[in-house]
Amino acid sequence: MVSLSGNTYNIKLKNGYNFSIPAESLEIVEIFPPRAAEVSEVDTPVPAGKHKVSIIGTGGTIASRVDYITGAVKPVLNPGFLRDNVSSISEFDMDLNLMEPMLSENLTPDDWIRIARLAKTGLDKNRGTIILHGTDTMSYTASALSFMFPSLSGPIIFAGSQRSSDRPSSDAFLNLEGALEFSKTNLGEVTLAMHAGLSDDRVALHRAVRSRKMHTTRRDAFRTIGSEPLGYYFQKKAQLKGDYRGRAKETVLMDRLDSRVSIVFFHPALVASDFEAMVQGKKAVVIMGTGMGHTASRLYESIKDTISSGTKVMMTSQCISGSVNLKVYSTGRELLSLGVIPLGNMLPEVAMVKSMFVLANYPHEDFEKYITENMRGEIVKNEPVFQEVS
Amino acid sequence: MSSKVMIGLEIHIQLKGVKLFCSCSTESRNITDRSFTRYLYVRSGETGHIDPAALYERERDRTFTYLLTDNTCLLDVDEEPPHEINREALLRAIATSLALNCKVVDRVSYMRKIVIDGSNTSGFQRTALIGFNGWVETSRGKVHISSLCLEEDSARKINDEGENVTYSLDRLGVPLLEIATEPDIVDGDHAVETAELIGKKLIMAGWARRGPEAIRQDVNFSMGFGRVEIKGVPKLSTIRNSLKYEVQRQKSLEILSEKISGQSLDHLKFREVTGIFEKTESKVIKRNLDNGYRIYGTILPALKGFLKNGDFRLGKELADVAKLYGSGGIMHSDELPGYGVEAELKPLVEKLKPGESDGYAILISDPKKITLIEKEMKIRLRRIASLDLSETRVISDDETTHYLRPLPGGERMYPETDVPIMPVSREMLEEAGKIIPKTEDQMIGDIVSRFGISRQDAFVIMSGGHLNELAEAFEILGNSSLASRLIIQIIPDIQKKIKGEIDFSDIVPILKLSRERNWDRQILEKALEMRFSANISLEVLGESDELKPLDAEELKIMILDIMKHEDVSPKNIIPRLRGRTSRLFDPSRALEILTSLKKSNHI
Amino acid sequence: MVSLSGNTYNIKLKNGYNFSIPAESLEIVEIFPPRAAEVSEVDTPVPAGKHKVSIIGTGGTIASRVDYITGAVKPVLNPGFLRDNVSSISEFDMDLNLMEPMLSENLTPDDWIRIARLAKTGLDKNRGTIILHGTDTMSYTASALSFMFPSLSGPIIFAGSQRSSDRPSSDAFLNLEGALEFSKTNLGEVTLAMHAGLSDDRVALHRAVRSRKMHTTRRDAFRTIGSEPLGYYFQKKAQLKGDYRGRAKETVLMDRLDSRVSIVFFHPALVASDFEAMVQGKKAVVIMGTGMGHTASRLYESIKDTISSGTKVMMTSQCISGSVNLKVYSTGRELLSLGVIPLGNMLPEVAMVKSMFVLANYPHEDFEKYITENMRGEIVKNEPVFQEVS
Amino acid sequence: MSSKVMIGLEIHIQLKGVKLFCSCSTESRNITDRSFTRYLYVRSGETGHIDPAALYERERDRTFTYLLTDNTCLLDVDEEPPHEINREALLRAIATSLALNCKVVDRVSYMRKIVIDGSNTSGFQRTALIGFNGWVETSRGKVHISSLCLEEDSARKINDEGENVTYSLDRLGVPLLEIATEPDIVDGDHAVETAELIGKKLIMAGWARRGPEAIRQDVNFSMGFGRVEIKGVPKLSTIRNSLKYEVQRQKSLEILSEKISGQSLDHLKFREVTGIFEKTESKVIKRNLDNGYRIYGTILPALKGFLKNGDFRLGKELADVAKLYGSGGIMHSDELPGYGVEAELKPLVEKLKPGESDGYAILISDPKKITLIEKEMKIRLRRIASLDLSETRVISDDETTHYLRPLPGGERMYPETDVPIMPVSREMLEEAGKIIPKTEDQMIGDIVSRFGISRQDAFVIMSGGHLNELAEAFEILGNSSLASRLIIQIIPDIQKKIKGEIDFSDIVPILKLSRERNWDRQILEKALEMRFSANISLEVLGESDELKPLDAEELKIMILDIMKHEDVSPKNIIPRLRGRTSRLFDPSRALEILTSLKKSNHI
């Protein structure tokens, strides 16, 4: 078997090894037409069980395969992979809805709206909705959906994977298995189901608006920041605990977002003109300040001008964990007096997504009221001292 | 009818240094108390096929526990992609290929070889072809080398409880040269010769790791009934015996196949007979019943007398299958009564109703596994009947072999896309060319001329694979005879004393200290002993008075003190001083001081 | 005792309570001149011990007090606070060098250079240098010094505090005690000494270029990312472990920095024009991409243009932990082909600081070589699987 | 010469709900297995002075271990600034101020009160003055209220080993009203009346927490020799006895002071006498010697006969000091021989050489602490001599009091800058005005008219502080007699049965379920019993068949079945059914069914 990649022929030997030869060093004598692929994994239909669940595929590693042309992993959705490896699959009646697969880093707020609408349709007909999604921006999309659904008749559970499903060690199957089990519960929030640790024995369920990808490659990269996960799937059982929102009578979707927002990461080399350039044309800007929410005083003038021009300026912390508090230090008090809105322990990315939602759905003058209100659990009230280690 | 015996070898040699795709050391000092548990899913390879060995593993449905060691990082636990390839290992693989007259590939192209017995956390082994089409000259003619691959070694199995297997991760990712010969080897002695010839090149170059698992052989054997791969032959001597056993086994199966081919296996059907064993005297059955296992019985159609009778050992062939699925044991009619089973035989036979030529067997098993075991036993008997004996076997302590799993196929390979394809540049070939392992004679000559030590010392150092250490010791100490003595005598002596291995990298800082402080041989020996025998830390060692020779002032005070109490002369002053202090001193300096003291008006 | 704050009188009652009254509701009858403050903490000189150590005060909470006028905590340096509460203080001969105190969020690269020069002077005369610094930007300053000193004759140890030293529960004293003990060791790197956990029993020593403030308020906010701390101060003993750099023969300072650099935090609402505005006038830009180092493809054109205009564009991850790897996914390979420089597991903020150093000290064409070279341990080679929990 | 006895009270009442500066519950169910250890540093207050009580603590140099509970967050462990103030608690504090005829401050201005005995993780307590200059009418005239503060309660001490003290954090941060009276109280009975009067207002309003520590009193006492503050008086009845004890103690010290004033204390000097006790028979001394303690002896100049003799108890005054520094015990000449010490007395007296009127003492102590103990004992004797008896004392189980530490001063206060000063707005005053605790009579009247229950039930509910619970139960159940029965009878019965407290918030979901499912009283009772007595989870309860009354179909089947075996009539059907099932059913429905069955052709 010979395949051409760039200027290199990859030749598969009988013992399975590939053998690469520069194209120029090979003289082609005769070309045989390719044989039909011998696929032993036939796509037999997935059996229908009693739990009705909607599955929306958006792309991402959870449904990726190696692209043997470029050699890289590309999203290619193949739902058949569920059948062989998710032991409980026969209990479910899956309502599959596969979007054109996209890499999650390319998703935009418009895509979030499309996904939200599919999720609404899915929930109207099923007990829960599982969204297969790339991990890169999973927390962003999930947070957006969290705000867009003030009321949910069932859970929306994002599942992704950090090891592609064409690897024997893939985390995709367990994550999906966990998501399926959680779809049976009384949950009525937007959440993420991802590995809780390095072992294939526990999936954590994270509240979307408190979740964050905290490692580039580990399977337990996702964490609930400042609180415990909403539950765990462990020993084949999905258990919720703590303060989750239950199913509501109906699902309400508010599908407007204003994407004229941005994040400013403050650092010691950032000068006023940088800040001004970054907020140009934005309706709202989230600053990731230092510590409890500070910036250098050299930015105050620009911040003041920005606020007087009608742009909302909010403060979060680049520390990720913990609350901003603009009352403790003099810097904070000055920022407060300029009109900067402190967001407590809201995560910077969540604050950015939430501001899109608030801008598009509430009167301009109520922005501060809604952005600081704890709408979906995006603010943790009592941060635990030691978090359960999984 | 058996044809000519054909034997091929796969020699696996671990390279020391750092791991293949990260910079963790290949050496480990301890297993930590941290572990994690995984499951592996069967995926199809590049061609869409699922490998038969992998499919087979899936049926066994096991979980794997991995123990972390001090030489593991995120890569070893499958939590990040491979780093850059270990260039030193790659150069050594190329150099070895050249030494074995192989052609070297133009591009190194890493593959993932699916292995889901848990020995790789990723579920695959990274492996790349480096050389091919080579040969070595042996006393019985050329043995051709079909391939030389540079791969990641697998994790080390610690415990196997059937459904849960435990591995230590210290070995995972260690660079492993896999050198496969063509089946040009004619018998066991020839196999030993060939393995030795190849292994020695790497040991003498100082590239191979030391330790019991550093060099392992797989033996490929065929006498016309398909290829049998015997895994994990640790010592060369066992090659001979395992081959003898295999010839005998296949011959007996050849005879057997004639007798059983055409027999229907419909009556091989396990039925639960636990009730019969409720009051059994058999300890093994009792224990297994307590653990929730049950007892099953079956007819073995037309097999009476072949299960264990003279050369016939079909019982063992079936037991091998049962054990792989965690069975608590199998007992068959050729060995019953026995194992404490006697009273049960009558009701058993009444229930199973074997025919005149039928054997029967009872099997202790987890009820969940009984269907699988039955299926696999039938497959095995059919293959024996048709004399298709190809399979993977494993060697046991008694140097016999056991069935392990079906032979893997090429289906288990697909490209490792996280490692870019690397062209073998002209520079790399040149660099590798400079380090090609030499013949024994060449090497000894080189060492003698380079370090100025005796041929005998050179031979000892080289055979032990200590050449690099000699060079390093020489570079630090600047004294070849001291360096050679260190390697040949001082270190082995201390190792004998502490009954353990000392890593040379732990010795290096002491050598550096020695150089800094200008220690002589005696102080160095003493320092090494304090460090490894008395476990004194390097910091303390550096400050220790014990290791400072007495200076002139101290010597003078001590001699004066001795002179107060007794008559001293140049003849007795040295033993007197030795009796007073364990610290080192320069005897000639002591004599000088004594002389000058005597001359002066102190007396 | 009466004090005026804004339009409010704060009256201290005899039992200690303050009593606030709006100014307008009070009629002033007679004003007594203030009594001389009864200060019972007399600033007696600190005794000189045998370990010579330089202490540089830059400001920050570690030397802050409540400002009873504005009510906020303000940096007011008072070295006398060492005497009463650091038990080992008498062993040290302190060479104090107090800068005009500044809030750390206001420090600029120019201030880093001033601090570095003081540290050089301090090290030339003493066995070690301790820098008292606000925690907000401590990792930035310390990283900058780390690059500016290719060779150190002794340790430079930053110490800060998360609870101001006027509180009985302040962490300042133990952190400083730890820093003092570490100054005796053979260490020759730039490090941070901060609480390792919630207890007052352990101070962790972090390598500057791997440290990050990971919580806004906890005393154990600082963490060594992707590796273990270089050592701990525990039970009155400073112990180094692992792979630290020892003292060099002499201290070499390279005190040039080019501050025309910035950080771009990628997110799903970020568009090409935002990126272009943010890189305007910069010589080097560090992207905090998603996951293993990705951005949306809509930015590729702008990234390409930016690189061809001579600006260096580097990739790090907003996940904070783990490496970027541009070879695994197709997005990454495309970014690589545009000329984006992947920085492995270098922290985004450290990458930004390092690029200032590389730009100012090495030829432009060698930028990629030096920025990707592991100069000061800013790249972790083997990330441990489980990190020691302290 | 003693002047008039003056008594003031500080009444501390915990408010239930959430903590003062976060939203953790004031109730805790368990202590976790997590803890951490801290040290506290002495800082000066706003005026630059160090508080005497704080300075005193510094000398003791202790470390503090804190156990986490399920109602702790980052604030409780001093890892973040306070959140917004608990508005409900603030309103209740204002309302209480109004009920006590206090003036309310215009602005609530939180202070940090330095307390470095470890009872606050921050080293200070947050406290704010809310009301001042009020009064209550008592049977013996007006008692004036000097201040009402709303503060954070301190951590609960679990263990005190002198150098290491352990606290649980469940109580830390619970809103605490501190109500201080002027010294208008004339005797113990009056003190009890006053405390009761004030406490009842909050209990009846349903605002006070329940439990042993929910209401504590400190008593301020003076008879002309300085103010003594007696801390932590838990029960009202103990107020009387502790005051009696204090009067007696001060009277005896008054007599004593005349005798000892002017005496030099130079001879009070501890010298080590451990040698004398090497072979002691005293168990307490032996045990302490084993722990590394030593024995010290001193003369007590001119104190013979005052140490323990009739009303004179100077020995105890000195022992109190010693104990605070972890002493293993003190024995003095008025009680020796004793405690197994006899043979040692002769050599001891020879060594100490007390004069005729001198007493002497031996002290068991950590050698590091002996200097401090000596210093503190001298201070104490001098203050007794000059009749300055002001200090903080603590009550013990036998209702006597012990020296605890010097009185704190105003120096320990400085502003809590993390909590902004909050103006008390007109709206807040209005809101507070609406909830002012009423008099007993008013409240009973209100309850009777609001819920339509008897005056007696209303009184029981109110005295127990259960008004809020009644209201909540009524709101859910929509049935006031059921709600009242729940509070007065059902819950107390179950609590008696399980010998424990049930938190009302745990009952609420069952009440909701009851409302949803339309349960009657019997089912509700059964459900509560299953939940708390049999510990059946809420989920299981919701699904339980046991709690579903038999429906018509089930009743019919059961009745038919009974009819098969025996004669049934409307008279016996109900007991027959009860004998068959533990499930509930509607008896009238059962009768109907029986009647209709009899009518139909089933018979």
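Order as written gives the chain letters A, B, C and D; numbering starts at 1 within each chain.
We take it that contacts are C-beta pairs under 8 Å (C-beta built on N, C-alpha and C of every residue); 3 or more make two chains touch, one makes a residue touch a chain.
For clarity, every value in this text was computed on a predicted model and none was experimentally measured.
Where touching is counted per the definition, the chains common to chain B and chain C are A. When the interfaces A-D and C-D are ranked by C-beta pairs in contact, the top one is C-D. Per-chain CA centroids place chain A at a distance of 31 Å from chain C.
Averaged Cα coordinates give chain A a centre that lies 48 Å from the centre of chain D. Computed centre separation for the pair chain A/chain B is 44 angstrom, with centres defined by C-alpha atoms.
Annotation for chain B: residues 74, 77, 79-81, 417, 420 touch two or more other chains. Shared interface positions of chain C, i.e. residues touching 2 or more other chains, are given as 67, 72-73, 198, 216-218, 322-323, 325, 327-328, 385.
Shown here, the protein chains touch in an arrangement that is not a line, ring, star or fully connected set.
On the chain A side of its complex with chain B, the touching residues are 1, 8, 10, 12-22, 25, 37-41, 66-68, 71-73, 84-85, 163, 165-170, 173-174, 197-201, 216-219.
Remark: chain C residues 67, 70, 72-74, 103-109, 112, 134-137, 140-141, 198, 213-218, 221, 259-270, 273-274, 277-278, 280-281, 288-298, 317, 319-325, 327-333, 345, 349, 352, 356, 385, 389 touch chain A in the complex.
Considering their complex, residues 36-50, 54, 63, 74, 77-81, 105-107, 109, 111, 113-114, 116, 121-124, 127-129, 147, 149, 409-415, 417, 420-421 of chain B touch chain A.
Interface residues of chain A facing chain D in the complex, by the touch rule stated above, are 322-323, 325, 327-328, 381-386.
Per the touch definition, chain D reaches chain A in the complex via residues 22-24, 32, 34, 68, 72-77, 79-81, 83, 417-418, 420.
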